[in-house]
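In what follows, chain A forms one complex with chain B and a second complex with chain C.
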Partner chain A sequence: MSAPAHAAPPPHVADYGGITDREGALAKLMIAPAVVYIAAMIGAPFVLAILYSLSDATTGDPALRLVGLQNFRAALADPVFRMSLRNTFVFTLVSQTIVILLSRILATALLKNFRGKWLVRFLILLPWTAPISLGTIGWLWMFDSIFSPMDWVLRYVGLLGTKDALFGFQTNMYWLGIPGLSMASVILVQAWRILPLATVIQLAGLSSIPKDLLEAAEVDGATPWRRTLMITIPLTLPIVSIAFLFGVVFTFTDLVVVYVLTRGGPVHTTQVLSSWTFFKGIEAGDLAQGAAISLFMFPVLAVVAVFILRLARRTEVV
Partner chain B sequence: MGRVEIRAITKLFGEVRAVDHVDLLTNEGEFLVLLGPSGCGKTTLLRMIAGIEEPTSGDIVIDEREVTHLPPRMRNIAMVFQSYALYPHMTVFKNIAFPLRARGVDEESVRKKVDWAAGMFKIGRLLDRKPRQLSGGERQRVALARAMVREPSVFLLDEPLSNLDALLRASAREELRQFQRRVGVTTIYVTHDQVEAMGLGDRIVVMSQGKVRQVGTPLDIYQWPADTFVATFVGSPPMNLLDQGDTLLGFRPETFLPADAVEGSEGIVTWPFEVTYLEYLGAERLVYGNVGEKSHARHVAARLPGSMNLSIEAGMTYPFAVARGDLRRFDKKTGLALPGGTT
Partner chain C sequence: MANLGKIARRGGLYTLLGGFAFFGAFPFYWMVIAAFKRDHDLFSPLNNPFLFNEPPTLDHLRLLFFETHFVGYLWNTLLVGLAVVVITLATAVPAAYALARWARGWGETLGIGIFLTYLVPPTILFIPLSRFASFFGLQESLWSLILVYPTFTIPFCTWLLMGFFKTIPKDIEEQAMIDGLSRFGAMWKVVLPLSISGVLTVVVFAFTLSMHEFIYALTFISVSAKKTISIGVPTELVRGDVFQWGPLMAGALIASIPVAVVYTFFLDRFVAGFTMGAVK
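This part shows the complex of A and B:
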């Protein structure tokens, strides 16, 4: 007789091989929707954009006839494109620098307990919850060339509209009508929009620093300034970088603020790559040119994405 | 150098009196232990001495200088936190150098002093590592070296041994005591562990509910507890308390022995001891049971040395006794010790 220990398993155990018990297969199945979604919504348009950029397709005739790198050459030769490229960097870097500085201040304030903290937090988060286009339309009114409430205030406090006022004798600032000022306005609105996200991220970073560490530094004789410089900033650097890079991605690819406020004007001084892509490729109908312009964003975004992924691995504080 | 004087310190957190009108004076070079259960206010008191917490009222004087409202950096104190609070992004060298650099010490002296402190705690080979690459014991040494390095006039230690395993804790305790004797810096040490307190302290401050219950040498605290809280908090098992009408009669378990083993110049008190439960712990035997008339407080413990070969069984009654000199009396209402121990 053979040993009973080696007998076949009882019959009800034999049917265990269902999909729910095979982790490898189950994992693939569960992740499939995400892969399909990314392939369809990001991969396919990306490939299409590359194909269009090498063709002479227009909105009227989207057939693909390959013409080589002609669209890229044309884009580089176009002074408006070069200005958009430069503007995109200015728009992104300046707005995100402002965002990082302001969000650190707000986050530091929100770490403390004070009366009405919930209201302040609510107000800070508000721009993030409002649809971008609606918020920007609100700003469009704020910047109105005649009825701007900001101009009223400036006139009221005597900074505008009199002969020796700081901002000149004219009755209005024309926020969106003067080249430098319009860029500043667009940057201001973009900073306002990204600020809530950055504040929340910075708040998470600041509150992840163990209180003991700051107290130890205090006992060790560090002044508040030194504590910030030597403890808080180094420890929150990874997470602040993530806030910055997210902001860069959102801003670099953003179209709404520029489109609603200035449409790239005056004279393309606020034109950015995404808005120029839209005007060229959709409004003017030159799909191939639009695709080529948009692809200039790709190298920058790819580099940023690599940085985000590397930082995400290093965010643990201790 | 190194005298800390605490005058009528009170700290309120909302309605809660975390520290309630505490007066305390350390001797120079003394190792003072604040002992009490969690939430008794000992850590809050330490943090007020450090300057991390501001007292609601009262004064703190360090070396004849009123420091109550000065920031920590102006008090010349050093503190070791329970978590050690090492800066995770800095190497061990930079951690130890931090207090020196914060005071603008020149780099040459920084290097010398860090080497000296590292040598003292035998961590010289760890200077290039980050805290996360260290074991618990090594972290504790780095924290001590960082506290040490700028030669403060007072050391504050907040349960620095509680994160170590039992074996390491015993040796760390010994090292800490020897090191403190060597440098002679006044040390205030917070713990909830009575063994640590008894072993380390020159004097122990027993705290409960924000109040100081007793200040004294380990011997005083153990032999002459000021009240029933100290009597039952210190010692394991705690002091036996027998209900005797208006008073409570207290005696330590190790003084409660079989009647023929007890001698006393002032005589002995004998009870029939009804044994209910026994624990054999190797070096000793704990015997639990009841004595005297049926009342609330008649459950007592006896601690017999392991060498005492006497057969004792649960369910039986034996004559047990305490020497009169070992009896303590407490007021039943206030819990305070009454003068004159014997009945």
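This part shows the complex of A and C:
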């Protein structure tokens, strides 16, 4: 402030205070609708979910009678719940590890210039840009127990359907009908779906590395491998983490792929927390149990949120 | 020698990208095949499934458009999407502007707080929200979706717009206010036209996110004629236990491609919202 002292109005002058007050009120007025909407439609239901989880409410009798932690105890004692808890972690961690590795390779390739880039980009992004339930329906038809094209190819090259074939004498793989295989199938489709998002995030990270840094390292005689290890990986670690964390959020809490492909079957071997919440809470009408099951997702989400915040803060400071 | 190495690297790059493009797009290619294949050809396990062994047909499309509610699903999706866009713009634009302009301390914190609510998943909220819907008599009504979808569009779009407004220099609107416009007038007539690409991004996202949404629609709507595209196609094109694969694939394809084209143009901006400060 280089203005002469007498030109600045002292803070107690009514006019000056009046303007800031009005601006402040306007700011609050403009923010209010969004905050009210979020409070009413996210905050209130969230509180209600907690209340339901402590009650014995059902769709038939939705009155709130608090019964303590009984629903959580019942959930933990239920083998299906325990299986879906384990499945959720397997489903999330395996699919997101695949996504991070593949998206790294893909983003590095997309960084280069080549002909037909727009088309390749469009095709690669399709799994994320098209509605997921519709893309998954395509996979359902590909996993068909009789007409699967993968089975046809396996039969064609002799890996399936003959006595000595690698995958057995039966004519089909039953991708969604055999416990371990059905988990592998839903993991594959979830990885397919998140890969484009992670790739675009990684691409943003890779292209933000200053070119001269890599060139200087090259001039100094650093091998490509060493440049990757010492420059690219450390500089893109925050953004890789962001890609991973959002992938985790979108996978840990989602049910579309499991619902469309297997409905949690066979015998709950692909059941995850979110799909089990739906079947218990909505289809079976047990609001209390459903709410309790869904709340088991919350601790993981809270941890992820803390990590995202820390990353955002740290990288802004640097 | 060097030339040969270059060609090999080029070939490797194209093979790699071709492989990924194949992986990403194959299910959609598979939809194209099924959508135009005669049932007899489609359901013969010995036929090569990748080719048309009999001439293609438009039967599935005819069935899809004239004997199912498919057109109704498209219409419902459009209505819900447009209404959600309006609600999102009306709440997110002013909030983002205020947070960007008066953000000291509490503004920043509130902005981050709003963004964090985006991480509260529908799978925690859909049980209580289904009770809200039945309490207000909105079960089986598109209004339940119109009112609930802004729970994920408002947080994300507010965050996105906040970033856009911050890039517009304060001097421009201060000049406009000196020239006699009110704060609100400056925002409406000066700042908004300058951030039109941000607003357009929000329009596209509010619409596509509504179109993609599955869980709420599955929970709130069970009457066939009221369904949106993302649940109508997977749940209704099944007769008894028999999947109508031809029409099903045609429906999935027709609904997917236009939204995918539009989304592709805006994906980079969408991701800029996720990456926050992590990329400079």
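In the analysis below, the second predicted complex is superposed on the first by the 291 of 318 C-alpha atoms of A that agree within 3 Å, B and C clash if a C-alpha of one lies under 4 Å from a C-alpha of the other, contacts with A are read in each partner's own complex, and residues count from 1 in each chain.
Here is the rule we go by: a contact is a pair of C-beta atoms (placed from the backbone, for glycine too) under 8 Å apart; a residue touches a chain by one contact, two chains touch by 3 or more.
None of the values given here were measured: they were computed from a predicted structure.
Peer 1: Looking at the combined model built on chain A, do chain B and chain C fit side by side or clash?
Peer 2: Pair status: fit.
Peer 1: Please determine whether it is chain B or chain C that touches the greater number of chain A residues.
Peer 2: The partner making contact with more of chain A's residues is C.
Peer 1: Now for A:163: first (chain B), second (chain C), both, or neither, which partner does it touch?
Peer 2: Neither: A:163 stays clear of chain B and chain C.
Peer 1: Touch test for A:281: chain B only (first), chain C only (second), both, or neither?
Peer 2: Second partner only.
Peer 1: Touch test for A:235: chain B only (first), chain C only (second), both, or neither?
Peer 2: It touches chain B, and chain C stays clear.
Peer 1: Tell me which partner A:223 touches in the superposition: chain B (first), chain C (second), both or neither.
Peer 2: Touch status of A:223: first partner only.
Peer 1: Classify the contacts of A:212 with the two partner chains as first (chain B alone), second (chain C alone), both, or neither.
Peer 2: first
Peer 1: Looking at A:204, would you say it contacts chain B, chain C, both, or neither? Reply first, second, both or neither.
Peer 2: Only chain C; A:204 stays clear of chain B.
Peer 1: Can you report the least C-alpha distance between chain B and chain C in the superposed arrangement, rounded to whole Å?
Peer 2: Between chain B and chain C, the minimum C-alpha distance equals 7 Å.
Peer 1: For chain A, give the residues common to its interface with chain B and its interface with chain C.
Peer 2: No residue of chain A touches both chain B and chain C.
Peer 1: Show me the residue ranges of chain A that touch chain C in the complex, using the header's touch definition.
Peer 2: 23-24, 26-28, 30-31, 33-35, 37-38, 41-42, 44-46, 48-49, 52, 62, 102, 105-106, 109-110, 112, 114, 119-139, 141-142, 146-147, 149, 152, 171, 192, 195-197, 200-201, 204-205, 208, 238-239, 242, 246, 249, 253-256, 259-260, 273-274, 277-278, 281-282, 287, 290-291, 294-295, 297-298, 301, 304-305, 308-309, 311-313, 315-316
Peer 1: Quick one: in the complex, what on chain A touches chain B?
Peer 2: Per the stated touch rule, the residues are 210, 212-213, 215-223, 226, 230-231, 234-235, 317-318.
Peer 1: Quick one: in the complex, what on chain C touches chain A?
Peer 2: Going by the criterion above, the answer is residues 13-14, 16-17, 20-21, 23-28, 30-31, 34, 42-43, 45, 48-50, 90-92, 94-95, 97-99, 101-102, 107, 110, 112, 114, 116-117, 119-132, 147-148, 150-151, 154-155, 158, 183-184, 208, 211-212, 214-215, 218-219, 229-231, 233-234, 243, 245, 248-249, 251-252, 255-257, 259-261, 263-264, 267-268, 271-272, 274-280.
Peer 1: Along chain B, where are the residues that touch chain A in the complex?
Peer 2: Its residues touching chain A are 50-52, 71-73, 77-79, 81-83, 85, 87-89, 98-99, 102-103, 131-132, 146, 150.
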